[in-house]
């Protein structure tokens, strides 16, 4: 049985105005467990808190009830007061008699009556409270960033700058991601490579950053502060530490017919390759699917020409196990496949391209060395049609497109149109759109410049069909504003393909027990207030894995995620919330219901031996809650039929005691 | 009459016992009369010949016994499962309630079980013997010189009348012919009650549930009720109770029991079969099944191993509670 | 209501004193609201204490029948009721009914004999009333030996009474032991059964035994090694009592009901019961 | 005894800590009145509310039970209220099946900013429950002893 | 011997009901159950009721007393009220006998006033069995279903109800219905008894004997290997104990009302796993032990303490209701086999 003290606050006249505080204190005196009850003008004041502290000492209180304002206001205050007096802070309960009583009830009689009942409920709860101690766990001071695009790089740089080691795992042979493939960036039109590659070099040279390129995460265990991650380092058949990146092998390799993914297959590379000149790490990689030596055992040219002796045809995938305190997901995006969009003749004509392909076509390092030439015949196009929202904002077309807006297309299309008109004023540019969305700093100005200064033809309406005919592409479209059908014989059609999360995101989410939405974008812990955190503690989100973003947004989110990681890694110990779920193993059935509803993957199962009452032992599967991961929502407690799962601080019997007290009339 | 004979099952079981594939056989044992069979474990061929029986009264679902028996018995256990029993079997498996490796499941066809109470309603008391014929049962009684013939269809148990499936969803071996999942009318009765006014519904359940004597037979027989310790037995749960009382306790017990097995109940009907007070408890479970099917899509517990039951799942566009209650059967 | 006496309806008791004996055992003094002893009892009998809303629990009456002013109960914390009682303060009311069960045969079988009391842990609680009864009627009994063991020094129940009163009595010999060596303890160390054998009593006496089942079993073996017959040894099964009146069905072991036929049993009587107690 | 007076229902409101409880606080801060019959129990998330608690409230004399949580999609724990939605849908439908008046139970999503909605919801709910009169169908006669 | 024509039977119920509540078997959805007679109630002559008349004397749940508490103070409130007289009609011979068995528990010192007061105020009108069921085996325990006891014995023929008062209370009862009855000789009843006894001999369980059992047989049966087999599929539910007219185990519990505490008594079952869980653990941890306890109690322990009277009356309810059809008959037969060896 507890020894409970009750402290009724007047809150000046805020409470005392409509609640007879003396009557409340008096009425609660006879409640079970109550040994002391008083009221005071301002309980939260120093004097008020001293009353509480003194009472705790004088009456050897084991629990206290403060009838005052909302616990959202002063629960923390009174918990500290209790702790200062040597009482476990979780032995404090607040009866909210201000916001939920005195402020809303005008009548003293009913206000007082309700305050008494709320007080009784709090007393009933405290009677069943038990001291709680927050769990502590250590923090491994190393972060993992999954994905080496601009998001991952920025996050890693910021974490590293704060002095924490960080690893980047990038599945491609080089970091850089999508941004490395871009030409210019909106709305300032600076060159993507010029701003990205220095960051890539920074990352490579930063002592705190380790880059696992050509690698993938294959296994994640543990929890916030203590993740155990297995990284697969795919065999690249070139010793990374020896290769100097001279590139001789990539020139001598006899296998010349490998589609160059960096240029989206618009030209070829060798079987041994360096994706692009500024690649980081600048190390060659052998493409095992095409290498004659690896496939037939006959060739070995690269090994012969490599003076450093970096080639190793016997290399195997390696697995690295590493511990991390925090994980940042920066898996990025891809344009969706255009295969299903037959109406735009993407598969039929080489001159129907995606915007990303267009980027490569205008990029000085691209297949055409930056000259805008038609892929089919290398001729200069004079009439170019841009189609917006291909697969974006696609209602009822889930089988090929996406319901959401891809966000970046309006701006990059304006950029493309503007760049064409700037370089090739003789070229007509048409842009078909549903809406032009330009929310962003200097975005609308940018778009207006495209229309007004550069004379790009913006037409509200959708392209119905693109039909290749001879050298031309007949574009049939509707002009919604003028209400007429348009027929344009274009030389080049550029599709603003919707973007979707990278395919590696889904299996990764499963490994991380991080939740995803139906589009496979990672879910944030709170859409407004915790946008860079995953609901799974210790997992953070950076860049397009969380939703479509442009570069400035990605970079700001990357830095935000980094600051969250730094905030975590700077701690030596993580103090958990003690109000978390706890499984009574003796009653647990091991049925997995709780595990299925846990949003954090905090519940695992183990086989344990139990001594039965008849002295036999029984091996049983029982749930155990990881206190570092559980956030205390309580979903599991209701899923559990046997009541084995309960929530500290909000135990079944505590809530029922409150119910009883309230209903007792 | 069942399409497989006791003898054929006995022989198969005996041979599996003999060759050492299984250490014990979980089946039905004949009783004093032809209808009072008891689930039993057989460990020798002679025991089988002497006691094993599979007839129109082998209603008891044996799957729940596997929890205890797989722990107690070394070696594999042969269990005979009727189609509906296999659903319970699967459900228990997905809840990790026994070790699949320790079980040798033989699926056996079932042409429906007879309800002794229905037979009594027709022939009266004093049944001394029941002979199974093709489509009928010959019932001998103390008070009639000639046996009375009742058609099997007429005396099928309620649950068999609404049989959901003649297909076995899990087994190691099948004896007899495999059946199919049926389109049953099992929700008709639920709909009938739904169609009543609130007062009538209340009166109906008040009458039914007030008969409850809290013998816990429904719970103890239920293959979904496998809690290490039931909340109603647990002094710390706050809802422990032993007797009906205050007109509330029995309602609480049955609502919560149905809720706890919702999504896990395979609708095997054991609860109603074993109720000594003949409370149609299965209707509570069926109501949940019907609601879940209508609201969240068809779901049959136990159909597959390791499914995610509707109540431990969600979708972003689930209807609101107010719409569910109103939507399904608004009678205004 | 007519003159329907009902034993299930308790009378009120007031806790007038709470003594901490060991970390988990407290002794409660109980009187009626008007300050009298709730009812008379015989050594070894039990009473049902209850706390409304928490429940009932059976305890042996620790105080001697010769104490006519109050009743005492030594209670170990091990369930809802006991936990509640342990938190209770002086002045707290509880309810009491009883006395229940067959007492120790102090006035016939034991009379005129040397007595050997053997207790382990809280097992001393039921023996205290017999011991004090025998001390009160000192001339009716011969030599009294008390063997009492517990886990540690701190767990020796009512050490003070033992040291200050029992040990000073004439012809009363107290043998204390604790399970394991402990600083500040210069007495005997070892388990009760072994200690009993070491002490090696002559068999010309009656023995009363109470403690954990395992201790009882081995002490019985020890006593029989020393030549005791089971008919000379008594013990009590008060922990198997529930309703107190032998009707609720729980205390039924074989054909016996602990509430009515016990809780005091002669050890040979126990042997005749099925092994279920 | 009681029925001479005007019927004042006992209403238990379970509010999640992050949205609805804050919404209730906001209603208070804005002095938006609702009947004193409503008593709030704070839970971390609406998904903490066990059907047992609701039945318990009715047993002990509640005339109405309302559960408030974050709007779907806004759950502090991301998915809690989705489970609540399913659980309560099923429970309420079952209570309806047993002939318990459906207006005695309700789920409402109230965000921390919706003080006005909280007050309005409570006013409306109390009105409905008052119209229904005392809970007789799920009461426990023993509790009145 | 008194005779009341069947056409007058409802009138009889009405007259009795006018002076005291009358409980009699009526047909319910679930079979025959004892219910209070009200105008329109139809009496059921079913061979047996689903539950015996036990509830009328030892209800499944009854309040014993109440408490009020305030601070450290407690008030005990005796909630007992004077039981009014009542009559139970149509009690079969087995059930009449079952009350005698309950008496031996509740009326021995210390007397249970709750039960005692109901027994004192209840008048039992028994009824001979014309159509026993296949589950009946009262004969095994020396009960003659053709000769039921009680305060008033009654027999039914095709056209009339015959009554004979055995006790003072019975005489008071027959006086009550004097207007509807006429004195007659025993011939019709004797003929009916003959008929009944003939049926009895043909019952499938007529040969079951209890001679092998009884007091002082603990040693013999307690260690029987049969218990393991018999109990292996027992669900541990309380059906058998709750439908049994002689089972009387109970629990005393407190219920917190909104105003205080009610201490009540409710049926408990020795088949429940927690039944013997007390202060010092559980002395019957396995279902086998609990199962054995129930039958040993009925067949050995009870007779040992009660002049050889078994605590089973052969009513057959457990045969009808056990979910797995395990019952005392199967137990007796299996154990007897054991003793034959």
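Worth pointing out:
In this document, chain identifiers A, B, C, D and E correspond to the written order of the chains, with residue numbering beginning at 1 in each.
Throughout what follows, contacts are C-beta pairs under 8 Å (C-beta built on N, C-alpha and C of every residue); 3 or more make two chains touch, one makes a residue touch a chain.
Quick caveat: nothing in here was measured; it's all calculated off a predicted structure.
Common neighbours of subunit B and subunit C under the contact rule above are A, E. The minimum number of touch steps linking subunit A to subunit E comes to 1. Looking at subunit A and subunit C, the chains that touch each of them are E. Note: the chain lying farthest from subunit C is A, by mean C-alpha position. The greatest centre-to-centre distance from subunit E, using averaged C-alpha positions, is reached by A.
Pairs B-D and A-B differ in how many C-beta pairs touch across them, and the larger number is found at B-D. Each chain gets one centre point, the mean of its Cα atoms, and the points for subunit C and subunit D are 53 Å apart. Work out the mean CA point of subunit A and of subunit D, and you get 34 Å between them. The mean-CA centres of subunit B and subunit E are about 30 angstrom from one another, to the nearest whole unit. For this pair, subunit C with subunit E, the centres built from the Cα atoms lie 39 Å apart. Listed for subunit E are residues 251, 253, 255-256, 258, 260, 268, each touching two or more other chains.
The residues of subunit D that reach two or more other chains are 51-52, 56, 60-61, 73, 79, 83, 87, 142-143, listed in rising order. In this structure, the chains touch in the following pairs: A-B, A-C, A-D, A-E, B-D, B-E, C-E, D-E.
Residues 31-33, 36-41, 60, 65, 124-128, 141-143, 207, 211, 213-217, 219-221, 233, 242-245, 273-274, 276-278 of subunit B are the ones that touch subunit E when the two sit in their complex. Only residues 60-61, 142-145 of subunit D touch subunit E when the two sit together in their complex. The touching residues of subunit C, counted against subunit E in their complex, run 1-2, 4-12, 50, 52-58, 78-79, 89, 91-95, 213, 239-243, 245, 247-250, 252-255, 274, 276-277. Partner subunit A is touched in their complex by these residues of subunit E: 70-71, 256, 258, 281-282, 285-286. Within the complex formed with subunit B, the subunit D residues making contact are 51-52, 55-56, 58-59, 72-73, 79, 82-83, 85-102, 105-107, 137-143.
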